[in-house]
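To keep things simple, chains are lettered A, B, C and D as they appear, and every chain counts its residues starting from 1.
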Amino acid sequence: MASSPLAYYPGCSGLGTSMEYDRSTRAVCEALGIPLKDIPDWSCCGSTPAHTVDHALSTALSARNLIQAETIGLSDIATPCPSCLKNLKTAMARWQDPKIGPAAEKLLGKSLQERHRVRSVLQVLYEELGPEALAAKVSRPLAGLKVVPYYGCLMTRPKDLMDFDDEEYPVSMDRLLEAAGAEVLPFPLKVECCGASMGIPLNKAVTRLSGKILELAASLGADAVAVACPLCQMNLDLRQGQVEKANHAIYKLPVFYYTQLLGLALGLPERDLGLSKLNVNPEPALALIRQSRPKPAAETAATTEDAA
Amino acid sequence: MSVLEGKERRIIGFLCNWCSYGGADTAGVGRFSQPTDLRIIRVPCSGRINPLFIIKALLSGADGVLVSGCHPRDCHYAEGNFYARRRLEMCKQLLPAVGIDPLRFEYTWVSASEGQRWQQVVTDFTAQIHQLPPALRFSESPDLELLRQCG
Amino acid sequence: MRIGVFVCHCGSNIAATVDSAAVAAAARDFDEVVFSTDTMYTCSEPGQTGIIEAIKTHALDGVVVAACSPRMHEPTFRRAVERAGVNRYMVEMANIREHVSWIGKDKEANTNKATELVRMAVEKLRLNRPLFPKTFKATRRVLVIGGGVAGIQTALDCAEAGLEVVMVERESTIGGKMAKLDKTFPTVDCSSCILGPKMVDVAQHPNITLYASAEVEAVSGFVGNFEVTIRKKVTCVDWEKCTGCGLCTEKCPSKKAYNRFDEGVGPTTAINIPFPQAIPKKAVIDKEFCRYFTTGKCGVCAKICPTGAINYEQQEELAQEKVGAIVAATGYDLFDWRAYGEYGAGRYPDVISSLQYERMLSASGPTGGHIKRPSDGKEPKTVVFIQCVGSRDASIGRPYCSGFCCMYTAKQAILTKDHIPDSQSYVFYMDIRAPGKAYDEFTRRAMEEYGAQYVRGRVALIYPKGDKLVVRGTDTLMSSQVEVEADLVVLAAGAEAARNASGLAEKLHISYDTYGFFVEGHPKLRPVETNTAGVFLAGACQGPKDIPSSVAQGSAAAAKVLGLLSKDVLESDPQIAQVTLQRCIGCGKCIRVCPFQAIRETDFRGQRKAEVIEAVCQGCGLCNATCPQGAIQLSHFTDNQVLAEVEALCRC
Amino acid sequence: MNLTELPRHSILYDATGILKARLLLKISKDLRVFSNTARLRVPRHGDAGRSVICADVAKRHGVSPDYRKGQSGFPARSRYFVLHCNPGGSGMDRVNLASSDRDFIRQVEEESGQTISRCYQCGNCTAGCPMGFAYDLPVHRIMRMIQTGQKEAVLSSKSLWYCATCEACTARCPNQIDVATIMDVCRHMARRENRLGVWSVRVFTRSFLETVKYFGRTHELGTMAGFMLGTGRLLTDTDLVPKILPKKKLALKPHTIKAREEVSGIFKRFRESQKEGNHGK
């Protein structure tokens, strides 16, 4: 496990619509002994809008944060948000591009010094800690909770850039949630697009695409969806009402950040996990979890094995 | 006649008959255009190549030497290219000792079916040699002049 | 030496970008060149006659031909000079076509380069000495590796012509992929009906020795005199005693063994005979599933076997065979489509490969010829076929077209309608490649008579929804996204080189391409030969091929073998290593590096010396480059000759 | 004149038809736009010149009587207005292959680092595209039109703006073409040429980046406000307000970073570089 702290990049939505993701991520990392240190005075990575306007602009906006991390002497960076992750990783790659790199450097007025390593918090938890070590720390297994893992379109692609898990059928979140005692259902649409930032300019995109995801999840008999992306969560959770209306359906599927679920399994107080911030009422799902009894460590390990 | 002044460099290729010479033929059959600098000497196997050939060529005024054989494990003579690999690598390491820029010598593996790869190899190596200053011609070599005076 | 130089125009192939006449003129100034000319087609009848006449007129004793690659026409010109009474090894070629005229358009640079290549050839020729081939006796037997339809054809053709044939097959039965097929395109005739009799012929032919469940372990020697070691794998059944009665397979309690012959569609027993028409019809125990081996107690088959053929303690055996020629007919394997994550990577039971589907269609297959979904055994009504899975896809390292998938998919679509009249097939394709006799008409029939809906586009995603599979693709001709809810998806998996083909190629000293397919001697003119004398190719081991092409190649390879072995003696290539005894210090380095054990130690007046075994030396020259004394020299590629070439290039 | 009596093949529109319709709606409140599908529909490129497809926004609107009457070919005082098309490179108009814009092809290749000729039109990009339903040109057709140098058609396509950059096309391309980057690059080119594209997407992008420019970080509420004001879609997502407000997630005040100027400087220099670039061209 990382003994020196990771430079933490919360991403803008962590201050707003996905504050529960940020909060639960910090709580879980603390409980698991993964020290995080915020990148000082971090700024927006530019997200999708920036790279659709210009690659040098997007690179400059993202690279600023890598340079900010350098100021505290850290080059191992973790972020919960896949969109930020992709932008930071792309910025590193494009910085080497003979055309974009110098243009970005001109815009930024600063230079990128180190070879950074940027990972998602999911990747850090999966690779540095691993499901087995997690299982050993679980005090309240999520037994009885049927959950579908939804990774979103950016977490694993493109393969060469993201360099993590299977591009079409990732399993890292599955394994972590299984280690937390949940029943993880095989979900074929793990990396399908939810409509992304089209929710505002073209609402139909979200009602259509998120609709497919929620519909399949419901038809599989899931109690909840676990996600790792703020935008996915917003589309599936906050906009679930819009989706239901457009598709004449009722799903009532709570959409948790996977970190919230891990936090529950680790026995962290619900307050620290921001469960009250969710839009679709999570209570029915939480009730299922509360029914389960705390288990001794040995038994927890056995559960994991079965699940694996 | 001579190497076209200013246009070409003197590049000598040693190619094994079974793979790389065939690969160069395949490139020709496919009309994959290449720089004209390279002159190819055919040998049965890359294992036939004595590093002395390479050094002799470079000392005699060749601007570059390119050796190409079958891919390792795919040698027509079972293991000739394994020996070649060892010798050629050693040769590359030794070149600075005789005052030759090691960039003037490369070895690679191209199979008889890899016409496009051969085109790439030739194009890249020729460009690499054009980056370097022209080698001293045989007659211009100061060492030789020195030798002649001594002799 | 009196040298003549002949510079070819090759029509416009050379003359378009090389001034052949100028090259010929420049060559007149080269040392010892007494005659030089340019000709339109040097390899043609008048061209060769021109060489012969020039030799006689100008008393030439060496010839340089500047034309195409020596890999193409060196033998032609060697025969030509021999007809004029000059030793055939007194010819050198300058490759001014493949290496000059075809790869550059700058005529000045090309002409200059061609002239230098001629100078190089002249300098080398000046050091050539006449060489005389030795003759040796050839073994009139042939080894056929692989018992698929191509190998079977080669074996039967050779055996009929009187050669002794040794056939080695990796599986426990011959028949290869064709034996697994239900019907064959474009005639829709029954595969086992046309292959079966040929398989029986192999078993019964007095000239054919069959090693099934065996692999080639090692090959040594050379054309005419190969020494082959064959490893007989453990079957735990004494095939001398086994009658193929099948009692053991009926009683075997382990009934969940992986069925290799049926591609995993339906299980088999741990002791099994792959299929009723198997040749040889002998039982084999799969140790991975046999209870005797997994639990230590069982032995039912041993008890029941009426001839006592079961032998759990059986050991591997090695057999030796001497042959004069080898035919590789090792076929192909199906691409493992699990590389496609978007098609479920094997997670969805109702997404199957084309060969699995073929087994389902087959009346002797695991479903008795009924199409059933693996998940629930139901008959599918909507079947989606996806072509180019593992073909024409650079992203998974398979950029080539497998050739036959378009046709077998059309056949499977037709058979689907035959089996389930109220079914609807959809075929996702990129291009329909049907260039054979009656092939395109066949694919049209699939559409017109059998109502298969062809959709031009790839499929991006398959996912299960309820008990259906949602297939999400494009119809590029409609320019729109399409979706089909299918009951069964059949992936037309492409062909790739047979498992461990490269390993066999290394044993045979033949080349293989990037994908593991064996490389033929010439892509057009030597399709079944290899660059290793005495080793030939047949069928899909050279590249994906359908049945007619494989059979044609099988016969072609047989013809080549028969041609080679029709003589009692063969000539050896005299371009081999020679030892200069005075220089040899007997260090033995050459003996150690020789890959063919062609050099031995000998005693010369009490001194240790190296001696080349002429019949064994292959002429690689490894010893030449190794010898610290320059005592061992490869004829026609001596140190002096290579250095003369280097000097010719550096001097000009 | 009754629109339903119009021959189906008589009305032309261009690829930005919907946008023009909307602009006109802003200008003139009593405007009626006709659609043969009787609902707002994004015109498909292949439809141009063949069928009547515009937006039926609201039957209660009248029509600007003499708007573009001269060009429309319809009687003056028509109650309907007709959007004119730019026939180049669309529909059944015969494309002159020799007029292929080679510079455009080269520019796309240069800026994206991709080889366009690698595309063999299998359609896998389109097959997996989640936003395909909103596109006027499917992705594989964009690729094809780049191959044939149809700059106008590509850069005026709405698809560029509806692309959600999910990269499914890139991930599944059998020829390893980074299709998503090509879409990105075409968008950049369209933007540099001041093409309007899809208004709502542009406004959203602008609103988002404005907040970044001013505060250093996005401000969700600010982005929304900018979008609503920019598009006039004042009711966007108002249904979500009662859901999100009690959660106290939306910060009213933006989170301004200390080094605000550093970020706004990036934007300033970017704008300057764009101006220079445009002048240079």
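The definition used in the following text is that a contact is a pair of C-beta atoms (placed from the backbone, for glycine too) under 8 Å apart; a residue touches a chain by one contact, two chains touch by 3 or more.
Quick caveat, the model's predicted, so the values are computed rather than measured.
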Exercise for the section: Check B-C against A-C and say which one is joined by more contacting C-beta pairs. Expected result: B-C
Completion exercise
chain B to chain C, mean C-alpha position gap in Å, rounds to 31
Problem - Distance from the mean Cα position of chain D to that of chain C, given in whole angstrom - result: 54
Completion exercise
Between the Cα centroids of chain A and chain D the separation in whole angstrom comes to 30
Practice task
Identify all positions of chain A at which a residue touches two or more other chains, and write them in rising order.
Solution key: 167-168, 192
Problem - Interface hub residues of chain D, defined as touching at least two other chains - result: 133, 168
Exercise for the section: At least two other chains touched by the same residue of chain B: list those residues. Expected result: none
Handout entry: Touch relationships between chains, expressed as pairs
Key = A-C, A-D, B-C, C-D
Practice task
State the interface residues of chain A toward chain D in the complex, per the touch definition above.
Solution key: 12-13, 15-17, 19, 41-44, 46-57, 60-61, 64, 97, 103, 106-109, 153-154, 157-159, 167-168, 191-193, 195-205, 208-209, 238-239, 241-242, 276-277, 279
Practice task
Report the residues of chain D in contact with chain C in the complex, numbered from low to high.
Solution key: 46, 120-129, 132-133, 138, 140-141, 168, 172-176
Practice task
Under the touch definition given earlier, write down the residues of chain C that touch chain B in their complex.
Solution key: 26, 69-72, 95, 97-100, 102-106, 108-110, 112-113, 115-117, 120, 502, 505-506, 509-514, 519, 531-532, 575, 593, 595-596, 618-622, 624-626, 634, 637, 639, 642-643, 645-647, 649-652
Exercise for the section: Quick one: which bits of chain C touch chain A in the complex? Just the residue numbers, please. Expected result: 341-342, 344-345, 347, 461, 463-466
Practice task
Give every residue of chain C touching chain D within the complex, in rising order.
Solution key: 342, 388, 392-396, 430, 456-461, 472-476, 479-482
